[in-house]
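Below you'll find the structure I mean.
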Amino acid sequence: MVAVLELANISKHFGAIQAVNDVSFLLEAGEVVGLMGDNGAGKSTLVKMIAGNFRPSHGTMRLDGNDLILHRPVEARQRGIEIVHQDLALCNNLTAAANVFLGREMRRGYGPMRILDYKTMYKRAGEIFKELKSETRPRDLVKQMSGGQRQAVAIARTMLAEAKLVLMDEPTAAISVRQVAEVLAHIRQLRDRGIAVILISHRMPDVFSVADRVIVMRRGRKVADKPITASSPEEVTGLITGAIEQV
Amino acid sequence: MVAVLELANISKHFGAIQAVNDVSFLLEAGEVVGLMGDNGAGKSTLVKMIAGNFRPSHGTMRLDGNDLILHRPVEARQRGIEIVHQDLALCNNLTAAANVFLGREMRRGYGPMRILDYKTMYKRAGEIFKELKSETRPRDLVKQMSGGQRQAVAIARTMLAEAKLVLMDEPTAAISVRQVAEVLAHIRQLRDRGIAVILISHRMPDVFSVADRVIVMRRGRKVADKPITASSPEEVTGLITGAIEQV
Amino acid sequence: AKKQLVIVVKGLDNPFFEAINQGCQKWNKENASSEYECFYTGPASTSDEAGEAQIVQDVLGKAETVAIAISPSNAKLIAQTLKTANPKVPVMTLDADLAAEDSALRKTYLGTDNYLMGARIGEYIKKAKPQGGKICTIEGNPGADNILRRAQGMRDTLTGQKGLTALKGEGGWTEVAGCPVFTNDDGAKGVQAMTDILQANPDLDAFGIMGGWPLFGAPQPYRDLFKPMAEKIGKNEFVIGAADTIGDEVAIAKEGLVTALVGQRPFEMGYKAPSVMMDLIAGKTVPDPVFTGLDECTKDTVDTCIQK
Amino acid sequence: MAITLDQTIAQRQRNWFSSVFASQTFWVLVAVIIACIFLSFATSSFATPTNLYNITRNVTFVAIIALGMTLVIITGGIDLSVGSVLCLCSMVLAVTMHAGYGIGTGIAASIGTALVVGAFNGLLIAYLGFPPFVVTLGMLSIARSLAMVASNNTVVFQFGPDHDKLLALGGGAWLGIANPVLYMAVLALLTGFVLRWTRFGRYVFAIGGNEHAATLTGVPVRKIKVAVYMISALSAGVAGIIQTGWLGAVTTNIGAGMELQVIAAAVIGGANLAGGVGTAFGAIVGAALIEVIRNSLGLLGINAFWQGTFIGGAIVLAVLFDRLRNLRQSD
Amino acid sequence: MAITLDQTIAQRQRNWFSSVFASQTFWVLVAVIIACIFLSFATSSFATPTNLYNITRNVTFVAIIALGMTLVIITGGIDLSVGSVLCLCSMVLAVTMHAGYGIGTGIAASIGTALVVGAFNGLLIAYLGFPPFVVTLGMLSIARSLAMVASNNTVVFQFGPDHDKLLALGGGAWLGIANPVLYMAVLALLTGFVLRWTRFGRYVFAIGGNEHAATLTGVPVRKIKVAVYMISALSAGVAGIIQTGWLGAVTTNIGAGMELQVIAAAVIGGANLAGGVGTAFGAIVGAALIEVIRNSLGLLGINAFWQGTFIGGAIVLAVLFDRLRNLRQSD
């Protein structure tokens, strides 16, 4: 069976800063990988490359065995890669529902006369928020929303389409205990449907409760990649801080 | 002894949304209060009022026994209230050091001929980042920084001045295990110096490890206010989700 | 309110029209007891052609208006406006006229003969340099009809032919590359462009300046530019024929920095227009056109050339 | 008593009514209405059929372009070239028809020119990342210069065989309403519809709100931007065609300085130059305000020198209503 | 081998050298230099002392105002009134001196006028939250109208007892360099210093970067904004005084349309209308580019009708260098 995602020797530098340095790994369908590391370790940069946001300076990526060369983020979406961005990527001047459906608006009518289907979009967004147990109002502007409500909007986006690979960059940073449980449950559901997930998080318990494997990065390099059962929070913490060099 | 901060029947509404509803509490010097609640419960709105960012729709606030009526955020700063904003409040076009010192630039020279002291500011910012164990580069623009590095910049700001009251709105949301420990240690130091702290966080372990008291909000109302020793993570979770109505 | 004899000019931003206003105000002062008053208006900018048409409409819609004198910046547009508005009050043109085929739309024209004005400038240049040479024409706003007409008058006089739009040796005269220059009624731009042209063409023989902007709008840089050439100008080795006698222009002529000035009499236009309009209202026959004269100044005549 | 999650989700901060009161457009409309009422009482000639006919007609040219400009402004851009593009398109129409072609060919040539110009602006801005201000300022210069080249800097006032059709198009009326007003109404409704009900409109707002986020979520940002500048140029072209029909003559001067008026109309009507905010109705209201002020100058007999002060003051005053409401509220 | 925390903190993404290469100002400077070299070879008259003297002098008026404008643009604002303010200040100076007052009084009156106008703009924008575009567009109209009122719309060309002093001020030279150029150099250095080395400059950037964040961190946003619009008006006033001295006459249409040129100079030099970015040096380079293009029209003998195309094309081309570098890099 081919891996869903295969990274080979991926590097990325910004000027003098080497953000990601020679990282390789495989990801199988239905596998949840926790990606951990210190601040500035290069986690976001890595997943942004997979999402077509940056192009790697070196190295190759393959999706389902085919070369993955992305010129624009929309190409990643088209190929079945969904991402929750760490900075959420929201348009402050639009409503929560409009943000959820951005790039995938629902329309009604026929042919060229298709108009936006506000009602259905509000309804569907409301359902997703309810599923996430998040008190987020679909009809209000995201500009005026609380940090957690904004994050719920960003997460809701990935729940619209059936993806092959879902990248979540700290999806639970701003949300409350109640919704954290829902997001983790959602990740388990994805896994059960055979969808691969990369979860970036600084919350040790979350990663250990949901991931099958943990990858640790330090200063751009991959320093560990092992099944979650073979590791422990203490070891991972050691790897993140550099107390343990490499495993 | 007068309380450092006294809130009496504070409310705030935005149009039809009642964000904060009749909240009162006292805060003593050297006390660390954990403020918890679901997303959109009104935590940020509450601390923004204390920081002069919004004016309460109703209710009164007192600082050290004197009325606290703030027209602009700078007045809160002048009266010894420091805040880490949830949205960080950074200027993307400035360097990390410039952001740390924003509004409090260090200068050298005499009288009207005082110029910015870049060198000292870079040095001092570097020291703070080191203290936080954060790999944040003072001379680079915050625009290009990772989520955790940005948060470190926002936290660093509050470490410049000796405050009476420090408000931290999810200061550890984006930062890594290593730095979380440093931030919590910093909060303990503040407490030991007699500074009052309000810590908003969704991370139960953090709150329970550092706070003396926990206040829980639900849908704008205060539903609990008790010593941390008299509570438990389970109870707080129940209060947040509404499983427990009020204590 | 008094009945209004309205003057609509091309734009308020031009001191030339201000002189018309002065004439209009003088008439008001002298006829304070009259049941009529002279009312002066126009768009803020000379380049706002549609704005002028709109003002004409507004004025024609007003009950106080009993006669109107227009200085059209876009003759066809004003003609069209008049056709649609179909005014009940007498209409005349001032300073600039409608096209010949539209002349039925107005009762008379009061103002300068712009073609003649250009022709007079041309004559001065031709007299100074009968054998011809290289010339550069300085114009104002590219759409301004009166300026284009002056340029035509000058070209026709220089060459003895009709209707040439650029001179390529006809009558001995050649317009150098980069000319005509449109200065958009900006004095500084005009002098800057003249400086550049002189730099690029050291063998230039003449400037024909169709609107006085470079002289009255930027007299000092103009002096700086031509002081070194004063002697050549005195000997007719270099010739400058310029329009208008506004501001510092006459002084410049006195200093011998311009060969000849040909000026209009805007004050006279503004002063006469109310009387002409009253004649029209009274139904008297008025000659068509009524030309106001030209003031022509050379170094030797500066003290007497301006009609008082 | 306990509020359910469902109820919270169904809430919204503002209902339709309070949104209207919170909009700058509404307050500027109030200003326009007050000005009209004042003028009706202060002068006998304001509320006459001819004057109203003229005012409504005069407003159209700025208003039509302001519709296109509003789209550009919503994306966070600016288009300074509209005045010159209007001139170029009018000239292309005039020259084509003068050369003996029919009105159809003339309009097609003119619209084609507008689209090419708009595409040029848009491609440089969207694909090469040029600042919109620089590109469209360059085009301001270029388009007018091309208009001079096309016409040899002459006044064109004979439009060949279809001369009368063209004049009827721009100068005619229907049920006492000037044709241009009808065109404007149709275009405004169309623009409003597109902004509110189509995916394209949604994307225009998204780009202005957060261009980076729009790119990340798969909005075809570049294509939309090109389209928006083409629409802006097109609106200038359409205004040019109608204006030509109304004026009956084209010089290389028309539309000079119009860009500021058009942008002012859009901004006064509530569009935000920082992007993300704007409405079609606002553009019309803004244009109407400017025209009412201009019209009142003559009717009130304001001294020529003071007219500028009056216009400028009124523009500022019009926005004051909205600002005062905001100030009061922020406390 | 192991990198310490200290080392990471001491790192920076770009050194001085690579920052220079990454700046639009640098590439526009390259464009200016290339244009100058080209013109030196293509025409015999470009690289002559007189021509260079003229070019450097001509550049100053736009450049000085562009310095003030750059501050406004960095805060994320815009000032459309500068051309009219230049006119008003020139006129106040001219009328005061014409009335028999000395040059000192004249300059004081003129500067005072500029500051009042700037303060008016700034107060409305900063304290009442008006859109800068609307306020300064209103002022564009008002200031010119007041200039008409002040002068009765006549040409003023006699400046009373200190006539010659004024002409020497603007028209003189020092060691072969025109006086205005010296003023410009001093003002540019001053602006550069303020932006880089003072707290005020830092705040200007902060406001443009994130006004909300600046307010939250205690930056006196409103005061700084008022100051910035006052500086912009002041720079227009200073340019007006110098220009009056150079021209020797003031008409009510000087400075018309200058606002677009000035903003273009700042933007071409690298300022970003969205705020947060800009340099004093960039403003000068941008102004220089515009003047070199203008100068070359005459020297190269470009046909009058095509001149606009040439100017517009060159403006766009100048920024192309920078864009190409960016495009290459983004891959």
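Letters A, B, C, D and E mark the chains as written, and numbering starts fresh at 1 in each.
FYI, a contact is a pair of C-beta atoms (placed from the backbone, for glycine too) under 8 Å apart; a residue touches a chain by one contact, two chains touch by 3 or more.
Computed from a predicted model, the values in this text were never measured in an experiment.
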Within the chain touch network, how many edges lie on the shortest path between subunit A and subunit C? 2
Along the graph of touching chains, what's the shortest path length in steps from subunit B to subunit C? 2
Quick check for the class: compute each chain's Cα centroid; which one is farthest from the centroid of subunit D? B
Counting only C-alpha atoms to place each centre, which chain is farthest from subunit E? A
Between C-E and B-D, more contacting C-beta pairs sit at C-E
Cα centroid separation between subunit D and subunit E, in whole Å? 29
Here the gap between subunit A and subunit D, centre to centre from mean Cα coordinates and rounded to Å, is 42
Quick one: subunit C and subunit D, Cα centre-to-centre, how many Å? 35
Where subunit C touches two or more other chains at once, the residues are 12, 21, 44-45, 142
Would you pick out the residues of subunit B that each touch at least 2 other chains? 14, 17, 40, 135-136, 140, 144, 219
Name the residues of subunit E that each touch 2 or more other chains. 8, 11-13, 141, 144-145, 148, 152-153, 257, 304, 307
Chains touching one another, given as label pairs in label order: A-B, A-D, A-E, B-D, B-E, C-D, C-E, D-E
Which residues of subunit B touch subunit D in the complex? 14-17, 40, 55, 219, 242
Per the touch rule, the subunit D residues reaching subunit B in their complex are 2-3, 8, 11-15, 18, 331
Any idea which subunit C residues touch subunit E in the complex? 12-15, 18, 21, 44-45, 142, 176-182, 184-188, 192-193, 195-197, 199-202, 216-221, 223-224, 246-248
Subunit B-facing residues of subunit A, complex: 14, 17, 37-41, 44-45, 86-87, 134-136, 140, 144-149, 151-152, 170, 173-180, 202-204, 219, 237, 240-241
Can you name the residues of subunit D that touch subunit E in the complex? 76, 78, 80, 124, 128-131, 133-135, 137-142, 144-146, 148-149, 152-153, 257, 260, 263-264, 267-268, 272-274, 304-313, 315-316, 319-320, 323, 326-327
